[in-house]
Every structure is written in C-alpha cells, then in structure tokens.
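Both complexes below contain chain A, partnered by chain B and then by chain C.
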Partner chain A sequence: MTRFHHVFSVLCRLCALLPGAVLLFLVGFLLQQSRGRLDLQLLFGDTPPLDALIHFAPVWDGIWPACFGTFCVVALAGIVAVPLGILCGIHLSEFARGRFRTMLSFCVDLLAGMPSILMGLFGFALILFLRHTLLPDAGTCLLLSGFCMGLLVLPYMVNATYSSLSGLPHDIRLLGPSLGLNRMQTIRHILLPSAGRGILSGLVLSLGRAAEDTAVIMLTGAVANAGMPRSLLDKYEALPFYIYTTAAEYQTPEELKAGFGAALVLLILTTGLFLAAHLLHNAMERRWRQG
Partner chain B sequence: MTPPVSINNLTVSFDGTPVLENVTFKTRPGELTVIVGRSGSGKSTLLRAVNRLNECFPGCSTTGEVQLALHDGQLDVYSATTCPEHLRARAGMVFQSPNILPVSIARNMLLPQKLVRNVTGRSAEEKMRHMLERVGLLEEVHDRLGAPAATLSGGQQQRLCLARALALEPEILLLDEPTASVDYRSARRIEELLLSLKNELPMLVVSHSLPQTQRLADRVLLIRKGRLVGEWHRGQANAEADFEKMLSTTF
Partner chain C sequence: MSAGFHVSKDVLARIVIAASAWVSAAVVLFLFLFLAWFCRPLLDMTTLARLLSWDWRPFQGSFGILSMLTGSLLLAFSSMLLAFPVGVGICCFIHGIGPPSLARFVLRAVKLMTSVPTVVYGFVAVFVLVPLLRDVFHRGSGFSLLAAILGLAILVLPTVVLMLHSRFLTVEPQVRLTAAALGMTSSQKLLHLVIPASKRGFLAAAVLGLGRALGDTMIPLMLAGNAPQVPGSVFDSVRAMTAHIALVVATDSHSLAYLSLFACGLLLFLTTTLVNIGLRMLTRNREVGS
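Right, the complex of A and B next:
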C-alpha cells in the first residue's frame, strides 16, 4: 500500500510538471526557430515603429497590423461574450429551474461543442443574408469576426459562471437572504465575488480561444496584407491567420522564421491578456474584501 | 401581552415530504425559548420558517401561520403582502457553523449595514465597534479589523456573526445551535450575551446541549420527527423533575 502511494505521488508530481515542461519546450522551440528574426523589423518592417504606433503609418512586411487585428478581434469577442456570458450564467444558476434549466444548459453545451468552422460559416451566411435584405453593401469585416468569435467563446463564459456560482456552498447562498439582502444584492455583493476565481478562469480560456482561432476569422474578414483596419467595417489581418498562411505558402526560410516569430508574438499577446485579466480580477477582489 | 412569536399549525414540506407537521406554540416577552430535538428532527427548518428562509430551497412548501410582534405592530409572516427581504432584515439569524463572508472583519460588519440599513461612514463604524465590544471581540481584534475574517478562530467567527446580526438592529433573533462548533470560552460568552439580551430582544435558540438548555431556557420546545412533542416552562410545577424527564431521551 505504501509502495502504491509512493508510485502514485511520484506520478502526480510528474504530471504536474508536464504543462511547464511542454510550455518550456514550445517557447524554446519557437525562440530557436525564429532566431535572428526577433526584432522590431518583424513587427514593423521598414516603417519607423513610432510612426506606425502613433500615426498609424502603413506597415509593409511586418506583423504589427496582424497583432492589432487579433487584439481587436479578442477585444470585440470579450465585449460580446463577457457580459452576455455572465448574465446567462447567472440566469442558469440563480433563476432558471427544472426542465427549462436543463434545456438551456443543453443548448449551451451544444454551442460549446460546435466546431469553429461552423461559427465562421454562420458569420458568412449572416453577411449573405444581410446583403440580400437590409444592407446590400455589407461585407465580411472586423466587427463580424469579433461578433462571431464572441459567440464562439460565449459558452465558455456561461459555463464558467454557471458552474462556479452553482458550486458555491449552501451556507454562503443563505447568508445574503438571512441578512435581509434582496436577490440582486446577494448576487452582486456575495455570490458573484465569491465565484470570481471560477469566472476568471472562464475568461482566460475565452481570451485564449479568441486569440487563437483561425477558422472563424478566415471566413469572416481576415485577409493577408490588408494592413491596418481603418474601421470596424474594414478587412484586417490577424496573427493566427498570418501564421497559417505563412506555414502553408512560405517561399524563403526567412519567411518561415517570421512565421515562428509571429507564433511567439501571439503567445506573448495572450500571456499579456491573461495577465491583464488577473490584475483586473485581483483589483476587483481587493475592493470587495477591503471595501 | 402579545406573544413575540406565535406559530399556528405550521407545516413545512420539502418535495412533498413533510419535515414539520402542525407545529403550534407561542413565546412570551422576556423569556428565552430553546428548541431541542435530535438531529434531523426539523429544528433548523422551524427557525427558517420564521424568517421564510426555507423559501430559498427549491421544492419547499409552507402552510400555517407565523405571527411576529414587532415594534410597529403584528407582522403576519406568510401574508401575501409581507416582503421576505423586509422580514429577514428585521429577524436576525445566526447559523450553526460560522457563516462569515470571505472578506475582512470590518467589512463583514459594514457591508450588511450599508446594504440593508443604508448606514455608512462614522455611524456604521461606531455601531461596529459597539457590537464587537458587546460580543467580547473588540479587544481581541481591534488592531486587525482589516484582516480576513477567516483568520479568526471558530468561536471568534461565530461571535462576529452574532455582532453582525445585532448591528442590523433586529427585532427578533434566531440562533441555530450557535455554540455547536465553538470553543468553551466563546460558548460561555455567547450564552451570557443571550441572557443579557433576552429582555430587549425576543429569541428562538436551537440548542444541542443539555447543560446549555438548562442554563438558558425559560421555555423549552421539544421536537421529534417534525412534531412538537413536549413543552416545558421554568415556572411550571415540578419544573426540575419534568425537565429531566422530558429531555432524558433527547441528548
């Protein structure tokens, strides 16, 4: 028995090290493959960086427009998915009952299991529909991608909110009402803050997915060499799309290097987003705990 | 004198199974009423029926009548015009296991005051200190009010919960085995406080211990399997012998 425990604990420890090892290997691999190409030129090409950042000077041969496009898609997806997802999760956990709840959560699960290419097709079909009806000029664009990406990650936000709220212990649920708080006050001041960590992990999952997915943006407005989008209704570039096309069509080793560099930049971008989400959560939690 | 709490034919069921059946009793002003009974007999459910907290569980249905004598007159708890939040704000409750918010000690006291009574700033702080003093917690925590309440011992947490309930100026207090999970010193401190409060604040206390019941109770209600099967009063003839007889099979 002790022997079994020993083997088991060693196994657990090895598995715990696995994610770190994979990450290290991946970063190391990307660094090695993109060596010599990791500089400001990768981002901005021959355009002076400050001009690109401040004056939106056009950037050729750089992945800055793709970074910006991906950032916009993730931000738009967040704007769609975070409030809707949290509200829907609150409804599922706190208000919906019985058969209705089962049905709703089944729909959310179906949506969560939907391949992203279908979501891309949905966006594409939506544009076709709009063209034939209300908006003859409608075309695929940043806004459409952000919207579809928001729908893609919506179930993650819903499920994270739903499961962390409904997993709260009974005592803490009764506390608000027993003090005389009404339902909204209980949710707003007791339940949501208590479920914050679980909701945050749903947010991190969503941001990562929105930054990485290629199928949705391919069908809804991302193109190679679009440059910086001038508005939400413009075409745009995106990092995963850039990586995808580079990997498929590179002509020189230098181009492939740039593709690996872009992958690293994507990793840095998502890490930055996670960090921002954590900081936001910590600040909110501190405010809640200290008043 | 109107009874502070009067319960008539109360029946509570969860998913169709009755947990309390036809419970009827009245308490008297200035008396401390203690509810006893085996675990699972329905004591907590009875307390929760008084502030309608059972309604927070799906599948619960309640029939019968509960009347509370409040400062501005009689309140029919289950009348259609009674707002549950309003009722619960006036009926303080302390749970069996300390039910703190995972926030600082001070915020545990201040947040409910702000949300329920709309009291903030200096007056809320004063109230907080006064109530912490009253439960004997102030000297233990005055220098770390900003620390997480979870760093307090179980007994301190329970006294914090009591202080939090008192800070909302309840007109009746419901205590569900308030000393079941606390150390001896805190338990005695809580008992003393309850005794000192009983003339100003009607209370229903569920107790898990015979000596405690002996120390606290002016009136004892014995619940068995959801029914009120015994009632004892300090002033009755043969009080001591009857007390022994009634409770010999319970604890």
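Right, the complex of A and C next:
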C-alpha cells in the first residue's frame, strides 16, 4: 500500500510539472524565435507609425492591419454581445422562474458549448441564405464576423452577469425595498452597481475570447492580404488568421519571424485580458466576502 | 403623473429584458434550423448514401464524410485518453499531494493555460512538435494523427483539471472531519475519501473534455495533415470534421461538397447537444443526492 502511495505521488508530481513547463516553453520559444523582430517595424513595416495610425496610410509588411482588423471584430462582437448578454443575465437571475428558466439556461449552456466553427458556419450559411433571397451580392465581411463572434461570446456575458448578480449577499437585495425602490429601480441602482466588477470581468474575458478565436473569422471574411478594411462590408485581416496562414504559407525566414512576433503579440493580448478579468473577479469576491 | 410615467418605463424595461433573454435563447435554435435547412437534400436516400460513404474524392464525384467522422472521434478519444490521467494527476497534486504553495502556483499555471489562443498552440506545435516527430520516428511528414492528439491533449488539459478541481472543492469540506478523526494524511484523505466521493466529477470532466476536443478546429487543421482517410497508424494523416468544414469553405463550390459541410455541422451540433445533456444530468443528480 505504501508503495502504491509512493508511486502515485511521484506520478502526480511529474504531471504537475507540465502546465508550468508548457507555458515557459511557449513564451521562451516565441521570444527566442522572434528576437530582433520585436519592434515597431513588426507592426508597421516601412510606413511611419504616425501616418499609419492617424492617416490610415497603407502598411505593406507589418501586422498593423491584422491588429486593426482584430480590434474591429472584437469591438463589433462587444456591441452585439454586451447589451444582449447583460440583459439576458438580468432576466435569468432576477425574473425567470420555473420551467422557462430551466429552458433558458439550457439554451445558453448549449450555446456556450457550441464549437466555434459552427458559429462560423452559421455566418457562412447566413450569407448563402441572403444571396438566395434578399441580397444577391452579399458576401462575407467584417460586419458578419463581428456579428458571429458576438454570438460566440454571448453566453460568456450571460453567465458572468448571472453569476455576479445571483452571488450577491441577501441583505443587499433587501436594501432596495427598504428604501422604497421598486424592483426595476433596485436592479438598476443597487444590484447592477454592486455586481459591476463581476460583469466587467466577464466582459473582459469575452473580449479576450473574441480576440483569439480563429475558426469563426476564417469562415466569415478574414483574408490574408486585405490591408485596412475600408468599410464594415469589406474583407479584412486579423491577427489569429495571419498566424494561421503564416504557419501554412510562409515564404521567407523574415515572414516566419513576423509570424512568431504576431503569435507573441496575440498571446500577450489574450493573457493580459485574462489577467485583468481575473483581478476584477477577485476584487468582486473580496468585496462581498468582507461585506 | 410622474408616477404613471415611471411605471410605464419599468414595464418597457421588463419587456426589453425579457425580449433579449429570448433572443439569446433563440440563437441556438436558429443555428439548428439553419443547419437543418441546408441539410434538407439528405432526406433523399441516394444523396444520403452518397454522403455516408468512406470516399472523399470531390473530382471523381464521391463526397463521403465517414472518414472525417472517424477522424474526429479518434482524435477526441485518444487525446482524452492522454489528457485525462495527466489532468487527474495535476488535480491530485493541487489537492494534497503537493505542498500548498506549489499547489497554488500549479493551479495558476493551469488557469493561465486557458488563456493561450488555440492558434498559438497550433503555430508553436507546427514548428516544434511536428519536426520532432518527423526526426524521432522517420515516418512521413510529421503532420499526423499523433501530432494532433498531443496538441489536443495540451488544449483540453485545463478543462479537465478545472472541472475536477471544482468537484474536489465541494467534496473536500464534507470529508474533512472524517479524515481528521481518522488521522489521515492529506494524500490518504485524497486517495481514500475525496476521489471515491467524486465519481460524478470524473465523469463530468471526461465528458466536458471530450466535447472540447471534438469541437476544436485549429489543432486538427494545423497538425493532422488533413488527408481524408481512415488512418492505419498514429503516423498517418487524418481529417477531422471541424477541419473539413474549414477546408471545404475555403476551396470547393460544388453543391454536394457544401452539403457535406452542413452534414458535418449538423453532426457536430448533435454531439455537442448530447454532451450538454449528459453534463446536465451528471450535475443535476448530484444536487439531488446531496
């Protein structure tokens, strides 16, 4: 028996080395491979940075257009998912009861479990559908990507809002009625501000998810060399898609280095957002544990 | 006057809130309806038979998706076979085998792993794992079932660990007194009390991880080589359903090719739904039991 314990604990220790090793290797390898390329030239190529930022001057061999495309997709996804998700979370936590509640939460959970490629396929099908019916020359575009990405992160917003609201201590819920506020006023002036950090944490996490997902944008309008998108109905470049195409189709060592640089930029972006969400979440929990 | 105005505004807010909730719930329904609508031709038996075959050679007019289905299942199950024991090991380390300070560090690392973009895992694996497999085994290009299994195992590892971790967290307080009364060490408590008491947690972690592995696109697409065939060994190339969808959208335009893509989509939708129902049953029974 003691022998079994011993072997088991040694195996567990070995397994526990893995997460740290994976992370260290990932960061170390990306840093090493993109060394000498991590500067403004990676972003803007030979275009002066200020021209690219302010005058939208074309950038040829930098990843700035891809960063900008990702930013647009994330912003559009936020516009779709944030209001809808917060309102749905409020309904789930404050109003929905009984069988409707079960059904609603099942649908949201189901959506959260859907593979992201299905959201991309949904967008693609939407375009096929529109072509056959209302808009014969509809094509995949930035707007479509943002919309589908919004639907992908919607359940994260709903769940964050729901769990922040329903995790509030009971005495806070009594505060509103005791001040003579009605239900809607209580939600708006007491519950939502109290749950604010939790909801914000969910928002930041959703944005991180929208920034990293590749399958959705691959089917809904991201292309390799589009430059800056001129309108919402234009094709665009995106950081994750740039990384994917570089892995498959790079021609020169310089392009490969830029790919590693882009991977590092994306990694920093998503882990940064993740850590921010984590801090907000912890702040929220601490506040209500003391209170 | 002003009171009346307030009431109507509240009613409006209630309506808006309820409407958003139903819109959010309807998204999944719409997704299903779209997939089903585009899969209509499958109701025809000859078309269905053409799609449910093993051959994918679009230029010769065969559009079978069975090898993609096999590929997906193989990838998902084998990567879980690898990730699950490792995940259990990590979780046991966090809950009593390892010293608390290290345990906290490992848990943080696992959580941080969830924030790494899939495409970054894929990118690094293409330039590290694939050449490594090629050089070690001297079999083919390295883009193989094995590469994708290893990549997917890393990807689903945090899912398994965090699900188990949350179950252990609820079980541990229930057995804490018993263990203390029996004078058990923390590793004895873990092995003899916590693990046997969280069977459902193990099952839930396995189901969740399987769903995650089945639904991932980028790792199979970037690492598995994407040849539409049933692999004879782990060094052969395979194509997953998710990767198939991504590839067909990018290249083909034949209507049967599109049909195969929506058929894969529908299959993925149904498996995800099954996984979710399974998870729901696992967690609901737990609530009844406790």
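Quick notes on this structure:
Quick note on the criterion: the second predicted complex is superposed on the first by the 237 of 291 C-alpha atoms of A that agree within 3 Å, B and C clash if a C-alpha of one lies under 4 Å from a C-alpha of the other, contacts with A are read in each partner's own complex, and residues count from 1 in each chain.
What we mean here is this: a residue touches a chain if its C-beta (ideal position, glycine included) is under 8 Å from a C-beta of that chain, and two chains touch if they have at least 3 such contacts.
Every value quoted in this text rests on a predicted model; they were computed, and no experiment measured them.
When both complexes are overlaid on chain A, the residue A:G202 reaches neither chain B nor chain C. Contacts of A:G113 after superposition on the shared chain: chain C is touched, whereas chain B is not. Look at A:Y244: by the touch rule set out above, it reaches chain C but stays clear of chain B. By the touch criterion defined above, A:R289 lies against chain B but remains apart from chain C after alignment on the C-alpha atoms of chain A. Once the two complexes are overlaid on the shared chain, A:N182 sits against chain B and chain C alike. In the superposed model, A:H5 lies in contact with chain C only, and not with chain B.
Chain A has more of its residues touched by C than by the other of chain B and chain C.
Shared interface residues of chain A, touching chain B in one complex and chain C in the other, are 182, 185. The part of chain A that touches chain B in the complex is made up of residues 97, 171-175, 177-182, 185, 189-190, 194, 288-291.
Against chain A, in their complex, chain C makes its touches with residues 10, 13-14, 16-18, 20-31, 34-35, 38, 85-90, 92-94, 97-98, 102, 105-106, 109-124, 126-128, 154, 157-158, 187-188, 191, 211, 214-218, 221-222, 242, 245-246, 249-250, 258, 261-262, 265, 268-269, 272-273, 275-276, 279-280. Per the touch definition, chain A reaches chain C in the complex via residues 5, 8-9, 11-16, 18-20, 22-23, 26, 29-30, 33, 83-85, 87-88, 90-92, 95-96, 103-104, 106-111, 113-122, 124-126, 128-129, 151, 154-155, 158, 182-185, 208, 211-215, 218-219, 240, 243-244, 246-248, 259-260, 263, 266-267, 270-271, 273-275, 278. Residue ranges of chain B in contact with chain A, taken from their complex: 51, 53, 56, 58, 84-86, 88-90, 93, 95, 97, 99, 101-104, 106-107, 110-112, 115-116, 146, 148, 164-165, 168.
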